[in-house]
Amino acid sequence: MPKRAQEVARPVGICSMMKLPVQDSPQGLDAAFLGIPLDIGTSNRPGARFGPRHIRGESVMVRAYNGGTGASPFESLMVADIGDVNVNVFDLKDSCDRIRAYFKKVVSTGCVPLTMGGDHTITYPILQAMAEKYGPMGLVHVDAHADTADTMLGSKIGHGTPFRRAVEEGLLDCKRVAQIGLRGSTYDPEGYAWSREQGFRVVTAQECWLRSLVPLMEEVKQQMGDGPMYISFDIDGIDPAFAPGTGTPEIAGLYPSQALEIIRGCRGMKVVGCDLVEVAPQYDTTGNTALTAANLLFEMLCVLPNVKYA
Amino acid sequence: MPKRAQEVARPVGICSMMKLPVQDSPQGLDAAFLGIPLDIGTSNRPGARFGPRHIRGESVMVRAYNGGTGASPFESLMVADIGDVNVNVFDLKDSCDRIRAYFKKVVSTGCVPLTMGGDHTITYPILQAMAEKYGPMGLVHVDAHADTADTMLGSKIGHGTPFRRAVEEGLLDCKRVAQIGLRGSTYDPEGYAWSREQGFRVVTAQECWLRSLVPLMEEVKQQMGDGPMYISFDIDGIDPAFAPGTGTPEIAGLYPSQALEIIRGCRGMKVVGCDLVEVAPQYDTTGNTALTAANLLFEMLCVLPNVKYA
Amino acid sequence: MPKRAQEVARPVGICSMMKLPVQDSPQGLDAAFLGIPLDIGTSNRPGARFGPRHIRGESVMVRAYNGGTGASPFESLMVADIGDVNVNVFDLKDSCDRIRAYFKKVVSTGCVPLTMGGDHTITYPILQAMAEKYGPMGLVHVDAHADTADTMLGSKIGHGTPFRRAVEEGLLDCKRVAQIGLRGSTYDPEGYAWSREQGFRVVTAQECWLRSLVPLMEEVKQQMGDGPMYISFDIDGIDPAFAPGTGTPEIAGLYPSQALEIIRGCRGMKVVGCDLVEVAPQYDTTGNTALTAANLLFEMLCVLPNVKYA
Amino acid sequence: MPKRAQEVARPVGICSMMKLPVQDSPQGLDAAFLGIPLDIGTSNRPGARFGPRHIRGESVMVRAYNGGTGASPFESLMVADIGDVNVNVFDLKDSCDRIRAYFKKVVSTGCVPLTMGGDHTITYPILQAMAEKYGPMGLVHVDAHADTADTMLGSKIGHGTPFRRAVEEGLLDCKRVAQIGLRGSTYDPEGYAWSREQGFRVVTAQECWLRSLVPLMEEVKQQMGDGPMYISFDIDGIDPAFAPGTGTPEIAGLYPSQALEIIRGCRGMKVVGCDLVEVAPQYDTTGNTALTAANLLFEMLCVLPNVKYA
Amino acid sequence: MPKRAQEVARPVGICSMMKLPVQDSPQGLDAAFLGIPLDIGTSNRPGARFGPRHIRGESVMVRAYNGGTGASPFESLMVADIGDVNVNVFDLKDSCDRIRAYFKKVVSTGCVPLTMGGDHTITYPILQAMAEKYGPMGLVHVDAHADTADTMLGSKIGHGTPFRRAVEEGLLDCKRVAQIGLRGSTYDPEGYAWSREQGFRVVTAQECWLRSLVPLMEEVKQQMGDGPMYISFDIDGIDPAFAPGTGTPEIAGLYPSQALEIIRGCRGMKVVGCDLVEVAPQYDTTGNTALTAANLLFEMLCVLPNVKYA
Amino acid sequence: MPKRAQEVARPVGICSMMKLPVQDSPQGLDAAFLGIPLDIGTSNRPGARFGPRHIRGESVMVRAYNGGTGASPFESLMVADIGDVNVNVFDLKDSCDRIRAYFKKVVSTGCVPLTMGGDHTITYPILQAMAEKYGPMGLVHVDAHADTADTMLGSKIGHGTPFRRAVEEGLLDCKRVAQIGLRGSTYDPEGYAWSREQGFRVVTAQECWLRSLVPLMEEVKQQMGDGPMYISFDIDGIDPAFAPGTGTPEIAGLYPSQALEIIRGCRGMKVVGCDLVEVAPQYDTTGNTALTAANLLFEMLCVLPNVKYA
């Protein structure tokens, strides 16, 4: 149970996620927050390597109960902050190896990882580790970009390619993949053709403008069915006015209220892992991006299986 | 009447609110802007002590007429800037005493105070002074938080407790209290139970998402009736994308258009005092928070009794 | 065709608009991006002189195809960046002369100018040059302010007066003028009376709150008819949460999705010139304002006559 | 006498220079602080129009006595803040006329003006007004630049030309002019030839590196003699690490300790006016530039004739 | 031993001071870093409550050996980060009680506390706890201000009064007190009279300008003798160009090289405690202030008794 | 010859270095500015990929003549900006290959490259290309760090290892290597032993504090002799107060005046290439770092062989 700000002042204490206890391993945990401070897969503005540190810092505003849904995650699950993966900031492939190895250990215990990125490259080795245990997975992917490029500057690995690799390796159950929030200028006249060809559901930001996404999520819930699924939330899915601290921002995105509707709409799905990526603190001049990320990670925790609601 | 930017350049002049004349006392005024540069009641990020200075600075953009409603407040009322309360930045209780004493003098003249905070602690001694004159008051309270905690870190006074204290001391007419914009994680599974138990109307931000608040304010007007009422607007009621400069931000809040609908919806109520609190300039990297605050204070002036409309 | 970020890394290269080729003259071009780095017509916060440099910098995020509409402008038109007008930053009138002379040359070739401001003063000499070629023009003017003042501090020329001057000189076909996004406090009880008297259509921001503007643009399209028209987009038309980097911000403005609807709604009109003005980088702490500007300029390019759509 | 921060909290009150009383005219004053919020004479980064507002804001740190020299200016002289000159931010020449007219009135009363700029253009009309009363003046000019260009972009008036104009009009006693802190790349192989030809003493920053300037100021005192003299301090004379908030910064400049030595070294000269120019708050990310400016203006006050020392 | 950045990437891991192990108590430690996140004793700009968090964040740059002096503190002493004192951010007196009680426990174990402030108020209760164990102490106090006021706004406790209180209570051995770096405007013609009357050695910043402080520290070492002494370093002792992130900056201060000379000059003294106070992150726009603080705290560790040198 | 700001306003024009002509190849040039926008070799704060863009932006302040030394480089040499190397931001080794190949072409023409980094990794492939043409080279290396680590996180290539690799490959004439400005905490008790063992001259920052470096450079000139040599200037050699925009800052560094003395002291050496690395704009909140970099690159140009002096 995180410490109450009514008893321990907000500025007090070592910064773990929500001031949760820190432990080295996922042993004994139902869910664990952890960080992957890597950003060398970024094509434009770097900085997401400091995302985990920054999210932990702003997470002091998050309290133990979900006022919007009544969820009581800390009365339902054992949760801790297990620190960061020790990535190699000079070598993307080596970092992917380190991440995959680390997550194999995490998922082997049954612990659900709630990962703070880092750039979106990290979802590729995470999915490798998870699919090894759970088989092809469903995916709710919120993002401005499809991240399904084949190569970038000749490289197969980078923050624009994780879901291409995942499909190639059979990590995803393509009929159970939804990409929400896509938008912006594209490299081809029809930018999301590849996604649709795989069977993904593609929901552009344009389809979401000024609308509640509750009805959409009803449909996505049907789509996901009972199989294991993963939530990958790129903070740039949200409009950059609300989340400026990111590397490849696109205008006219989702609102935070819609982000909450999306995550809360995942309640009842078999969520086995989540990530929140691409928070780049240098551009987060007010802290709002990290604050949003901390809240969204808490909301993800709240929709994990077995969480009690008031 | 504030000086027109077409005659006096915007960067010119000593910064009073809207470049209004500065005078030491409320004598002869129908309404007065004033500041309370206090922030030692803040639980997280401090800085609101510089709120009044910063709001005055950005208020150079506000012109004399309300283009949206047709109000002509300066042709209707005598208004000036009467400076700041000389608070004690080392002692919260002493500051509350100073504020209460100061406001007793202000309200004794019949002048309506339009206060620039400072953190939300200040509303407690203000309400003490106002209730002494007007009896239990109605309240339109816009905020992300209910501010009804019993204690914080063992202290009875702070920016999370003013309305608890106000109820305990009978300063509020509880049936005529509306709290709008509440949201975020909470310390208890049902965060707003206490408010509802007192008879407050609680309107969460979630109920407001992507909606016009004009219908809501019709209902609130009925609720307020003819009795004296106060408007207390915590800038964190607004979404932090629009008003990042504040100490305890919560995501997914009200939009400025909704803030305007709320204040404009108070037209016709018996408004006897107003405040706009929690503007912390250090986090207001663009000036938007103070600009919003200055505009909202102007809008509050426009809904005071006896203001003429075109 | 701009270089693909999948082949040339985003941080690489001299910053022209979208990394387009730079050439000195509009010769041979169907459309040209160009800058006017002038801000001495600003009444409040200066800085727009660095608007063109800043927009070019953030334009590295814009790709060659319009994912939202299917437009392929670079397969349809010859486009380049022709640099900046060498304005005189010490003398507003001399600068207007330089701008007018420059644009006469640009429009004489039939090239459509897509101008990066600079403050809104620049639209006056641009319209002089364009009307000389095309006759009185239609205008879609997005802005928080009508910019129809007679004088400012005694000066006839400034960023608050361009459309007054344009009407006086017969540069506009007043029945084909639409002003969208107007809002804020005003110098007179009815702030937009003069515009309406000229026959302009005035659409306040208030009329746009939380609404799709697709229906509005259908009407505007009727209004514009077949005659030549100009798009002048003041970035302060957009809410300052999304576009903080500007000199005279007003709260409660348009959303970027609405801005896209407005520009995309101009498809099919006879657009002969466009500008995007008032981007002041010093207040654009996250780059979002310039990013928005770069995208809107790209969207303007996409609605030029003869652009092919997928 | 400014209010003591031990009695009135620093954040409290309307921001005048050092919280001095504000009055409209120089009547009855020995010295007056005033602002000229003009920056349209700037060749690079604008923003100095907000210099006076920003300096006043940071001046809350300045106390009534000079701990370094023992000066007690407020026990010696009547001093107030007389507000700002209402410049025309659209027209440099008109602004110069307004400034000259205003300063004629100020100096006619015998009051010593201590001016907060604004860009360096303003010193030209100030010197016109002062020389009319006092005849050709001595000058201690601290700056990175000589400001003696003939024209800039064809304009005779701008922040790079004031001392050329002043010499042409006979406003300066050229043998009693010292320029200190000059440095940087130049438009000609010998950048300061013109100054030397007029008889100015030129002291480059390079001659000052890591040295006390006390000996230099002994010599300058000899040079100034008994005649009336003026101190014009461009904040860019100081190294931009210490004073980043300025429009045309040059590296490797003076240190604040040297700035203090220069001004304190003017004690005993017949100082009849002073200015501190080119503070551009947008680039003063920490407030240090304005803090330095406020302190230097206070130090100038301390070396006025008739100030008592402990 | 802190983790090497050559083995664990700098962005990786929970932020403790220098990534040292975190433990709850000082048990078994020779020295401990700890934080006091309190800033309600501040007279001007608040924010120092986030000093400890910010210093820990930037401390990732500090490696285990002192390249300048050859000290190997982690091969000599057991050191950890013991977290923060849980202060009451609403009540200064209660916070002082909590601090004093906490430090009694720390010093009772013989552990040397290296404290990250927090505003300078905290040194008062720390000295109470230390003097109780060690008797009247010597003090090397680096600061822009003497902090010897009797009251501030009527309050006896605040960041301007700790050394007055300490003298009154006999906590200091006044002949063994040195105050270094004092400067700025003052409330009295002779600002440091009281300090000198107590027998303190006062070294103004002016005496330090452009000088090595090695000779000074030889003298201070004589002054301190063999008795127990404390180092209290207010970051505003350093020039604000180097350490802008602080609440009451004064221009023309010490250089970081001089700060290193001062602390390194304490080698051989009987140092029983140290603090580094007044780091306010909101004004530390580049991280330099916290980086300086982290390095100075490391340097303090290096001069503790029993540290081995290469 | 760069355009004069007296004829083309500073904000005008596409940003090349000093607004020099842009050309694709070094053909016909005596010297060329070029950028390497790479930062994936950074161990701490990334961002240097935007260094070249940012330096070009601030270079508008640099004029054609060297006021401090009388150099007239543009009357002596043909100089242009040849754009950026198209690095692979996802793969450090591939980037090194691209850089080496590119520089082989540049040096083959006899053109002297003046490179804007990018992190310090880039100097390794540059030296490979240069040594292939010139043989083992002399080196003046200004830096806070020796950059002679063997590996970082297991990687042989990174910004901490270039000079280790260069020595191993025989690219340097070790007796003609000087490292100036080294400082900070270290991974070993004697941090610079390896450098000294190779025969490098090591000059720590501590040896430079408050001293002119003119005498030092006389000695370095002797050391360099007549052979070809390279200048590699890491901006973190300079104190972070003056150059905050960098990734691994260390306190108490060189002053800009000393940086000028170092580079000017290279006049007369056989300089065949230069770089200025590690400018990270995200931390350069005021532009000072890029301004310093632009000036230092200009100074490097001024000491190239065959430059005429007034």
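Points worth noting:
Should a chain be cited, it is by its letter among A, B, C, D, E and F, assigned in written order, with residues numbered from 1 in that chain.
Assume a residue touches a chain if its C-beta (ideal position, glycine included) is under 8 Å from a C-beta of that chain, and two chains touch if they have at least 3 such contacts.
To keep track of the chains, here are their UniProt names: A, B, C, D, E, F = Agmat-prov protein.
As the structure is a computational prediction, the values presented were derived from the model and not from experiment.
Listed options B-C, A-C or C-F contain a single repeat of the A-E interface, assigned here to C-F, on the basis that more than half of the contact pairs agree by residue number. Across the two interfaces under comparison, E-F and B-E, the one joined by more C-beta contacts turns out to be E-F. The mean-CA centres of chain D (Agmat-prov protein) and chain F (Agmat-prov protein) are about 37 angstrom from one another, to the nearest whole unit. Computed centre separation for the pair chain C (Agmat-prov protein)/chain D (Agmat-prov protein) is 40 angstrom, with centres defined by C-alpha atoms. Inter-chain spacing, taken between the CA centroids of chain A (Agmat-prov protein) and chain D (Agmat-prov protein), is 55 Å. In chain E (Agmat-prov protein), 9-11, 43, 49-50, 88-89, 152-153, 210, 239, 241, 283, 285 are the positions where the chain touches two or more neighbouring chains simultaneously.
Chain F (Agmat-prov protein) meets chain D (Agmat-prov protein) in the complex at residues 4-7, 9-11, 60-68, 70, 72, 210-212, 239, 241-242, 255-257, 259-260, 285-288, 291-292, 295, 298, 310. Across the complex, chain C (Agmat-prov protein) meets chain B (Agmat-prov protein) through its residues 43-44, 149, 151-153, 160, 182-192, 204-206, 209-210, 239-241, 244-245, 248-252, 283-285.
Contacts from chain F (Agmat-prov protein) toward chain A (Agmat-prov protein) in the complex involve residues 39-43, 45-47, 49-50, 88-92, 94, 152-155, 157-158, 282-283. Note for the complex: chain A (Agmat-prov protein) touches chain E (Agmat-prov protein) at residues 8-16, 22, 35, 37, 49-50, 52-53, 56-57, 81, 83-89.
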